[in-house]
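The following pair of complexes shares a single chain, chain A, combined with chain B in the former and chain C in the latter.
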Partner chain A sequence: MEVITILIPLAILLALSFIVGFIWMTMKGQYDDMETPALRMLIEDEKISPRKNIISTKEKK
Partner chain B sequence: MSSPSAVHRTGRLETYSYDDQIVRMFIVATIIWGAVAMLVGVTIAFQLATWKMNFGLQWITFGRLRPLHTNAAIFAFCGNAMFAGIYYSHQRLLKARLFNDVLSRIHFWGWQAIIVSAALTLPFGITRGKEYAELEWPITIAIAVIWVVFAVNFFGTLIRRRERHIFVAIWFYIATILTVAVLHIVNGLGLPVTIFKSYSVYAGVQDALVQWWYGHNAVAFFLTTPFLGLMYYFVPKAANRPVYSYRLSVVHFWSLVFIYIWAGPHHLLYTTLPEWVQTLGMVFSIALWAPSWGGMINGLMTLRGVWDKVRTDPVLKFMALALTFYGMATFEGPLLSIKSVNSIGHFTDWIPGHVHAGTIGWNYLLIAGILYYMVPKLWNTEIFSKKIANTQFWLATIGLALYYVSMVSAGITQSLMWRAIDVNGKLVYPNFIETVVKIVPMYWVRAFGGTFVFISFLLMTYNLFKTMNQGTIGEIEVFEAYALDDSSLEENAGHHRKLEGLPMVFAVLSLIAILVGSAIEIVPSLLSNQYITKIDAVKPYKPLELLGRDIYLREGCYLCHSQQVRPMAHEVLRYGKNSEAGEFIYDHPFQWGSKRTGPDLARIGGKYPNMWHYRHMINPRDVTPQSIMPIYKWLVEQKLDLSTLTKKLSVMKQLGVPYSDVDIASGVENAQAQAKLISADLMNQGVPKEVEDKELIALIAYLQRMGTDYGSLPVNK
Partner chain C sequence: MNLCVHCDEKILIAVFNDQDLDHNEPFCCSGCMTVFNVINFKGLEKYYEIKKQSAIFKRRSPAENKFQKFSYLDNKEFLDDYSYENLNNRKTMEFYLEGIHCLACLWLIEKLPEYLDDVEQCRLDMQRSVATVSLKNNGLFSNVARELNNLGYKPHPLKRNQSIHDLKILEERKMLLKIGIAGAAAGNIMLYAVSIYAGADGLYAKNFNLLSIAFALPVLLYSATPFYQNAWNAIRTRTLSIDIPISLALIIGAISGLYNQFMGINENFFDSLTALVFLLLLSRYFLNKIQEEGLTANDLNFFYEGNSVLKKVDDQFLEIHPQFLKVGDIIKVSTNEMIPADGVIIEGETLINNSLLTGESRPQNVGINENVFSGTINLTNAILIKIENVKENSRVGKILKQIESGWIQKSPIVDLTNKISKYFIAAVFMLATILFITFYSQGKTKIALERSFTLLIVTCPCALALATPLTLTRTLSRASRIGIIIKNNEVVEKLSSIKTVLLDKTGTLTYGNLKINHFKIFTNPNYPIFEVISSLEIYSTHPVATALKEFSFERGARTTHSVDNYKELMGTGVCGEIGNHFYEIKNSKIFEDNKCIAEFTLEDHIRHDSLASVGELKSLGLTVKMISGDQKSIAESVALLAGIDKENVSSEMTPENKLLMIEKNPNALMVGDGANDAMALSRSYVSVAVLGALDISLKASDIYLTTPGISHVANLITISRETMKVVKRNLVLSLIYNSVSVYAAFNGTITPLVAAIIMPISSLTVLASTMIGTKKLNARLKTGSA
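Moving on to the complex of A and B:
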């Protein structure tokens, strides 16, 4: 059953990478906002339109 | 309007467009391969109902078509659907075009080439003999290469994103890419004999553990996580409602990926796998129930407030039913992992029932919903006919219900018959065939249920191609969004930005490096088997038996026959002594099987005379009336190939099987001598023609050897 000596460390490595990934992402602020991502993904992309210039100058301050 | 987070951004305003052509290509491939996979599925369902459907043709006999069905359904149909959905949503969620158009094309054509080569090898019996990992080593390597192409394309896009938040769907995709790579590589390790033949580096119980670690996670990370990711994008989009709880989606993602990795051993309960590994697998499998239902609840609750739309909109209708089936299948899964339930369900038709609740109920229905969402959008039109979509929906539902109910009742019925023992301690149904005949009507119900599902798929095919036909691809749309960077933010922002993307690539590359490295280091020690209690009586296969075993693999015998007597009274009564781990140390690959359409073969050696096997292969009904096994008469016609025997023996030696140099050098001679003995015996019994150099003799040699080394020892433990 030596194969366990790869499978268990490998499974732990994978599981660990999930945990580290989670902590890392939380620290990076990925999960600070738990409300708007669900809403923002519903917004369709902004097509280029004549409004373009107005918006970009406004946003640029 | 611009997104709220754009307020904080002072990066450049950039224009971009999406590569939708690659999505269209994957969609068309999905539809075509889906139809093929289901056609083969229906064919093998009828082959189980009546053996005549095998037509006596080796290339389309059940054992060779069944791997074609599973590979086509999982990797061709669900694979292409996954790539289509991921490439569509990944670009939109990140506001970025796919990393590289050429890589996308290599990914697409490479994957199709892999599928075609699978379809060209499996019917010829070119197989590794491991379920869901049948494709021989050149194709296995090609899969790994194309998967890396996919990964580079995916992570490259992630790095160039214009949306800082990584939406939960993308996390599901990331988990898929990483884990599938690891599983595929570890389980794929083998030593080649020829371009069409290799042996698994693992043997027996170790091979079983690696195989089901892979096998279960193939379900988890190929058929579940990517589709949950797709669900989190397409269900809210189609319903135009935010996901019920974004927080739940995040919690459910991280807990699901953490737990899934450990569940594999539940496929090996009551086998010779160490008991603690079995228990570990069982406990984690039961724990999986919670995160799985987290996803199901989250998906269904997203539809609250739009249930009126579910009634009329085909997209939502398919998605709602898919989620329901996901909930049912992920409830049933943990249930079947409980040892006492598993003792009934394992090896029976309950398992194909369970699997198809997942693959038809969850994957096919969700894919249907997603396709009905994407195709009109990508071809700038409406669904050609909602009526056809509705008919498809009901046909698929009824077909699946017939499939599932017939399989579960067949499984439980047969299992209870297997285990029935009367007051005298004897089996009530000692003839296995009695328990088969009982459930053949259910096989017919299943076959017709499957036909319904297949027809429903054809309706969708027609509907979608009509939709494409009436629409136009139109001009490429250009969008704009702010770049995520950089210069205008605080000073270390650029530095930050780099860190954010690179670790992803780094993580993938280092994981692959770790894997390759540890494989090279650990594999040799794996071959020694020192922790398995050795049984002195168990010796390596003789050369002819080894060739016979390869024929056993080629014909896919393991798909209907197990080689594992579980430690249960009724199994010992029916088959003989229960199996021990030490019996399988020379089995590269293991052949325990996962389904008993026919009886277990672990103790078949010496049970019947050679002549019985000869007649049985030419026509099983000559010796077992009402048998549903196909005929294998080509084994009596085809000459046994001895040309690779020496190479096979030396590869086995490299894998740790103790063949001496003399054994290898005299392998061919030895095989011919053994064949002579068997054929002489057959001639004595009245076999009309010379069969000494035919394949059947090798297969008989293997069958007569099976389980005899240990099985013939007296029971005194």
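Moving on to the complex of A and C:
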């Protein structure tokens, strides 16, 4: 049972590290929008390549 | 039926792509085609690939593509009011975008910096349809807005009060922190508590208790602060709030735990206390989230103001934002534009679609010196208006204010479980005190402590407080699977006590658009009359024209002829020349060279399932009433077809009258779709918006049906009644369990250890009852809807 004297402080340390991580994430604003990031990660992150010359709205004028 | 490549609407008259001859795909309108070309042009065609794979859809509609300069967005006055600097000191503005529906939109919008040089960063919040755009140094918001508009998302700049906004975000984050800390602490304490219940003693028990206290302190001192605050406020204003007994329980529990520790007794309740704080905070958080989904009336203004107007300044027309309109200004409203403020016509005459205000489906003819209202749509000719009332003084503005106050009135309802657990907690503490004092006065301190603790442990209101939300949440998710979106828990309870159902006519019982009823041809039956009709009406956006186009398409008209001297006749119809013949379509008749060749009548068709659904509602013992903005004769003929009794029909109702009607029927369920119903929806006991409803009525209603028509309303009532049966059964079970265990604790038949074992078992029993109950409900729904 002596092993418990090591295991319990370890468990507490683990718990504390999670709590600190959670506080950090929350204050950074990672939980501000719960819906969009879940969708955003489904999209492939690749650059777009225009097929023709891009005419931006500025040039149209 | 062919579907539009861009918006997936069914195609009535196909528009073919002249720029992309390789594929030649059909579109429902030129708006969708233009957007399709813009997207392809920029190399963004992956949009369509993502759209195909994405399963999450909101409402979709054909893209509106109308050129707008948005030059007002670069006005200094406007920028001061609407934009702010983000953390990197970039000019930032928020836009509400119309037409955001799926993953592909997210992709398209957030790619903005890649195809528009002005933009530094762009983030989209899908739930709110709000894009936050920050600019590079020389960027202009007008370019951003034009680009978004080109892509078919009509942008509306949102005014943001920076300090209030920051405060709100901080508040929300702190709430999350409190929940997180409470959850983590409760979980860890549970580990120690279980080993103590299981028989740990001596040094272990002592240390475990110390650790429990260490974990419980942040919960009691930080996470639980909202309860103390609410309780204190309630005491100060002399009102009863559930937070008073909760705070009391927390404080007494904490003090007795610390006292025990001090006295060397290895018993405390920090496990139950922290779990209670965690669960209560969590449920409050979700409730808040749901209530926040409604935009404020301020955010909704743009639905009625449109987003830019042409104001007359020294014989010129300048584009400005409706926010800056003043009484006395003269503005120009073009065809198919929304009138941004109440006013009087000083030049021109036109047809106005008033349905937003009155619910009446037929357009109204207005001329010089006649009043027009904001939120209505100018259909046929450009007009000049002198403004008389703006913003909250306009008729629609007043309605919006009422809707907002309806929201506020509606939210603070403490539901049945909360009420019961409030008394429950108070009663348990009273009993525990009595128990303690009785034995303590007899000098039996140990028994006094042991029995009162047993009582506190065994009578945990968890079963009570958990089972009901769980049942309701399961019902909500079941309902959403068959297309009923219920916005909050309380509605289910209220639905089960509904006596009357009030149905809107247009769009709810009927399809909401005019259709050709009878069509009689007076000439040779082989005459290509439908091609003539679709050629003539192709440019008209009048509802009658739409009905005629649809009818012609169904009769096989696919080709159109070129029309010379085309003219729209004010309020009556259209005319023009095809080949050598002169055609007129007016007053429900079609003329060829002044000879009548055909005649038709129009009707708003009743939905095929309305009669059956009304019958079902009646068989559930409900009174079904109809309220409509339309004329009496039209309303009564629809009522007859839907099986609604004549005395239950109210016609020619304004939004204000509908509200009175709601107040006369206190336990009524209101079903509607238009903005003219929004006020009634927001004030009614329970409200349902049907598919195709305007955004404003979605926000104002409690429930939203994703299938057209009212076929699910009866289902909804059945679901709620069954759910409340399960809830009541759970309450009875838990009350029986609690009274038996209180008795046992009084007698000393059970020890604290036994109590700690029975308590979770009782919770499990109630949970099992919930699962079985809702499963049965699900089976019933399946057979019902199949």
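A few points about this structure:
Everything below uses one rule, namely that the second predicted complex is superposed on the first by the 47 of 61 C-alpha atoms of A that agree within 3 Å, B and C clash if a C-alpha of one lies under 4 Å from a C-alpha of the other, contacts with A are read in each partner's own complex, and residues count from 1 in each chain.
Methods note: a residue touches a chain if its C-beta (ideal position, glycine included) is under 8 Å from a C-beta of that chain, and two chains touch if they have at least 3 such contacts.
Because the structure is a prediction, the values reported are computed rather than measured.
By the touch criterion defined above, A:27 reaches chain C but does not reach chain B.
In the superposition on chain A, contact is made by A:43 with both chain B and chain C. Within the superposed three-chain model, A:17 lies in touch with chain B and out of touch with chain C [touch as defined at top]. Legend: residue contacts after superposition of the two complexes on their common chain; A:35 is shown touching both chain B and chain C.
Of the two partner chains placed by superposition, only chain B is touched by A:7; chain C is not.
More residues of chain A lie in contact with B than with the other chain of the pair chain B and chain C. In the superposition on chain A, the residues of chain A touched by chain B in one structure and by chain C in the other are 4, 11, 15, 18-19, 22, 31, 33, 35-36, 39-40, 42-43, 47-48, 52, 55-56. Taken together, the chain A residues at the contact with chain B in this complex read 1-7, 9-11, 13-15, 17-19, 22, 25, 28, 30-31, 33-43, 45-48, 52, 55-56, 59-60. Interface residues of chain A, counted against chain C in their complex, comprise 4, 8, 11-12, 15, 18-19, 22-23, 26-27, 29, 31-33, 35-36, 39-40, 42-43, 47-52, 54-58. Looking at the complex, you find that chain C touches chain A at residues 40-46, 50, 56, 103, 106-107, 110-111, 114-117, 123-127, 143, 146-147, 150, 169, 172-173, 176-177, 180-181, 184, 187-188, 191, 204, 211. On the side of chain B, the complex with chain A involves touching residues 1-7, 10, 13, 15, 92-93, 95, 165-168, 175, 178-179, 182, 186, 202, 205-206, 209-210, 213, 233, 236-237, 240-243, 246-247, 250, 254, 257-258, 261-262, 274, 277, 477-482, 500, 507, 511, 514-515, 518-519, 522, 525-526, 528-532, 581.
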